[in-house]
């Protein structure tokens, strides 16, 4: 019974495919999966916008949306209708073709990553041999889309926003990839399915999630920080900082294209969060062995929602960074820490299994962290800030 | 092969590594540099102890243990390097690391105010590493390489205060003079390689110090009827003489005292100058080999003995009339090195090396004591201006006295036993008795000049404040800044503790090699030692011992009579000896005018030669050249006519066409990248076509 | 000569031709990404998955972005560049065309290599990430180290060159 | 036509396009891009030879391409940095105007 429940979507797909001629079955199978993924995550996007506005409102001592539908639940629908019916304004000087392609490419690129994310047991679009590499390769397409949006608008604000966004994304891509390499080092595979399978085993009732190892914990934290920056979310949301450059690279967009940018950003965020889950939090694996009867996809989405809530929480809590602080964090803190974490993972690999490697690896991660944090703090000099380029 | 033999290379490499790290460190990391150097030295010392224990354990059996590694290939031959462990090596390792360690520690105090502290320790550590390399080398080539590094560090350290012109000049002099000797060394080495095809000392029967090679060498004769082995040995001895300051090449050693005092102690008393002696001991089989059946000592050893004896007396004589505290010790060192050479020449390895070891301890003690005195007197080096220091520097005084007595050969002190060993060997030498008498005379002189120095420095009242101190005389920069009256003070513990340790050794070390218990000698020779008082009554031992003791007492008494009975009143008053024999004293004071002699002979000869060349050049060759030139000039007139009329016009035409061609070609070099690329593309087309066409054929 | 190959080749050639032919430099780079992606797709079609994704990551994600940055930083004011002189233009074009002609002829005429080939394998030979990693760590470890060194040197060199002198930054 | 020949032809075409770009464009950045294109064409050749070559198990073609990509990335970074430096000096990226060694 639990087996069937767990595999219900897979079985349904196979049942549906049975009606089709064998020649087009593989194509239709992929098409079905793609449609399902797009629908599910678009819905999740709608829910998340509601959740975010509601949650932020409560944190800021407001009510949040509460007019459309019960508890404002239909607010995303209303927003969607609004943006669809608005006039699509394109600046006269804009490069029309590129201006049009940018949001499309962004959304497409952000959806591409889901091809290798295992949403549940046996529920993955393709099990690529180099899955993690594929994910990051596709992620780099988003930078191009951002640039296209910023450049084609022919507006200073959007160009500045795009430059900021690209600089930030490139800078944080390095720690993002390096933080995930520890997992690859441990599993010896770039396949996401293999990575999740390695974590879906239990000692007693406890799972073998990588986040429960010293290097895994550090890797997870680093990955999440880098992911926050990668998806341009607060406190790293300089590219679209309202108080400085209004909305960054998509300032010149309106109506449905604007909504597409929003969608793309959120979908990208979900994808990175899902990658974090896959790499560190055991993917669809249940947190305790006695809970394995709960269908695997439910666990996946529970974890995803938890991470999204954490994102919202962080956004409501932390102030925005300055550009130089942002860059310094990436190159002076994140990069060395990821490298040290890599070292810790290597040591973990080569030490004999046992209790001894726990404190050793923990020390390898924790001691440099303390030293580095102290050093960076001490280096800070408080003085009149000079603006090198603007004067 | 045990662990220590396999890893003996660590002993020299560790200090070298420390030197490399020090060289990369900034000037401000003083503590790190010092602790690195001292730490590496301490580890080397421990390793040397291990090596010593290992040799001690495997005493009776295999004498020499070697590890050889191929270095690179020349033609069909592998050039090999390697290291070895035998009693001689182990003892030298122990001595160098131990004395070095103490001197390193001492330097921390002595150089505390110097700006280039880090550089100093870098050089010191490099020196120690190279010296240890010399000691463990099992290949003449490796030994030579380390030898040269030792020479380099000596140069660097003598010229450590290179801002002083004297120091820079002294460094240059030391370098050049030792290189003269090294040239001989190199020639000998090349010759040896040519003859034997190997430079390894011991290589399981194939080494150049082993029987087959030596028999081969001794069988061949060269010019003057010398055996090849003798000629090579003498050439190598040139290098040893240069490094150890033997008579014709000794001039650099006194000047080398311009370096910091720990350097003088480490390099120019204890270790580096002993390297020459060590070298002779190392190649002793080559030095001593004779045609089979002939009982007489080899010619090479005879030369060594005579040079040594001459140097021993020579140095001691000069030392009598010096006023610089370090120069006295320097000449004393020359004299003692002469003793060592003489010991090697007349007695053998054990005799020379025993004196080397004891000398290393008491001479470094004396130098460090002198350094402590100089430090205490704020850079003063002239013994006429010292005096009365026994009260203000009691520890230094006690240690210095112990060293001085050991140097003099006062009975039961270490120097006594080792010097006595040499005298005894000289006494029973088969060629001549003269070295024995020269050695005995040297012993008398040694006791005399050391007494003189002791009285000048420590007895009486302080004369430091008397004369206006001329800053040009200052050799140490410690006190250069202030001219306030100086109060002599005792040095810090980091300097006195090494002194005390060395003093203990200076007193006691001799007991490992007394005639009654010749442990040292038998250890070097690889035989078990036995203890018997009866040995004292052996052939000629007791008379020699008694007579040398008598001579020492005589020397001490003479010194006391001249300098101790009547305290020296002022720094300006002249030396009592100078009053007795003013001419002889001034001759000695100018060091037998060897430097001047070199100036008068070699340099003058050079000048005369160049004068003659100049005259020849000016009148003979020039006249001939002028005559030829007039002839050529005449030809040139003719040629010019031909040239201008016939060749030029044609050539001009040619030039212009070349120029036009160049202008046309320069269009290709327009600085336009893309035009270059077009040409490359064209070339690619041609290449592909060529390849296709080529395959078709 | 399958349909997928034809389509991918057409896309790639179109992208590359556009990249080299368009007037606006930014459009050029955008077209270039299409070409790069096409080449990556060709790699995938040939069974070289790892190389294909690396191609996307490096060329689309890094080189193209870098080029775009460089264009943005060097075109602060639109400069009216006159078209190149016609003879030179023609010469360059002729060289390129001749190179293609010669290469194509070489590929066609050189029957030797085609005969020497083994019968065409139906499935692509396997080149999993594991195999590539093993090869990199064993047989090709020295080149790997050298490339690492080269990348480090290039990183430092690029930073130093692009940073310029201090005075200029003020 | 042999599939290998198809890839080789495509690669030759791409190479020629890159060469044409490098020869004809006057913007230094685009010239650099043309050179990158030629490198890519060569890479495609390697992969094709690996796929259809006699010993695909040796992975030589793949390795060559991986190293080539790494080197090309380094080349692009340094090349663009040099172009930036040259631009800062001469205020132009026009290759025709960057023809003097002096100044």
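A few notes on this one:
Order as written gives the chain letters A, B, C and D; numbering starts at 1 within each chain.
In the analysis below, a contact is a pair of C-beta atoms (placed from the backbone, for glycine too) under 8 Å apart; a residue touches a chain by one contact, two chains touch by 3 or more.
The structure displayed is predicted, hence computed values, not measured ones.
Counting steps between touching chains, the shortest path from chain A to chain B takes 2. A straight line joining the Cα centres of chain B and chain D is 62 Å long. Computed centre separation for the pair chain B/chain C is 64 angstrom, with centres defined by C-alpha atoms.
Centre-to-centre separation of chain A and chain D, using mean CA positions: 33 Å. Averaged C-alpha coordinates put the centre of chain C at 5 Å from the centre of chain D. For chain B, residues touching at least two other chains, in rising order: 674, 678, 681. Across the assembly, chain D contributes 19, 23-24, 26, 96 as residues in contact with two or more other chains.
Among the residues of chain A, none is in touch with two or more other chains. Two chains count as a pair here when they touch; such pairs are A-C, B-C, B-D, C-D. Taken in their complex, chain A has these residues touching chain C: 95, 98, 128-130, 133-134, 136-141, 143-144, 147-148, 151, 159, 163, 166, 170, 173, 188-190, 388-389. Only residues 24, 26-27, 30, 33, 49-50, 53-54, 56-57, 60-62, 64-65, 68-69, 72, 128-130, 169-170 of chain C touch chain A when the two sit together in their complex. Interface of chain B with chain D (complex): residues 670-674, 677-678, 681. Listing the residues of chain D that touch chain B in their complex gives 19, 22-24, 26, 31, 95-96, 98-101. Of all residues in chain D, those touching chain C in their complex are 1-10, 12-21, 23-27, 29-30, 32-34, 36-37, 40, 43-44, 47-48, 50-54, 56-57, 59, 62-63, 65-67, 69-78, 80-85, 87-88, 92-94, 96.
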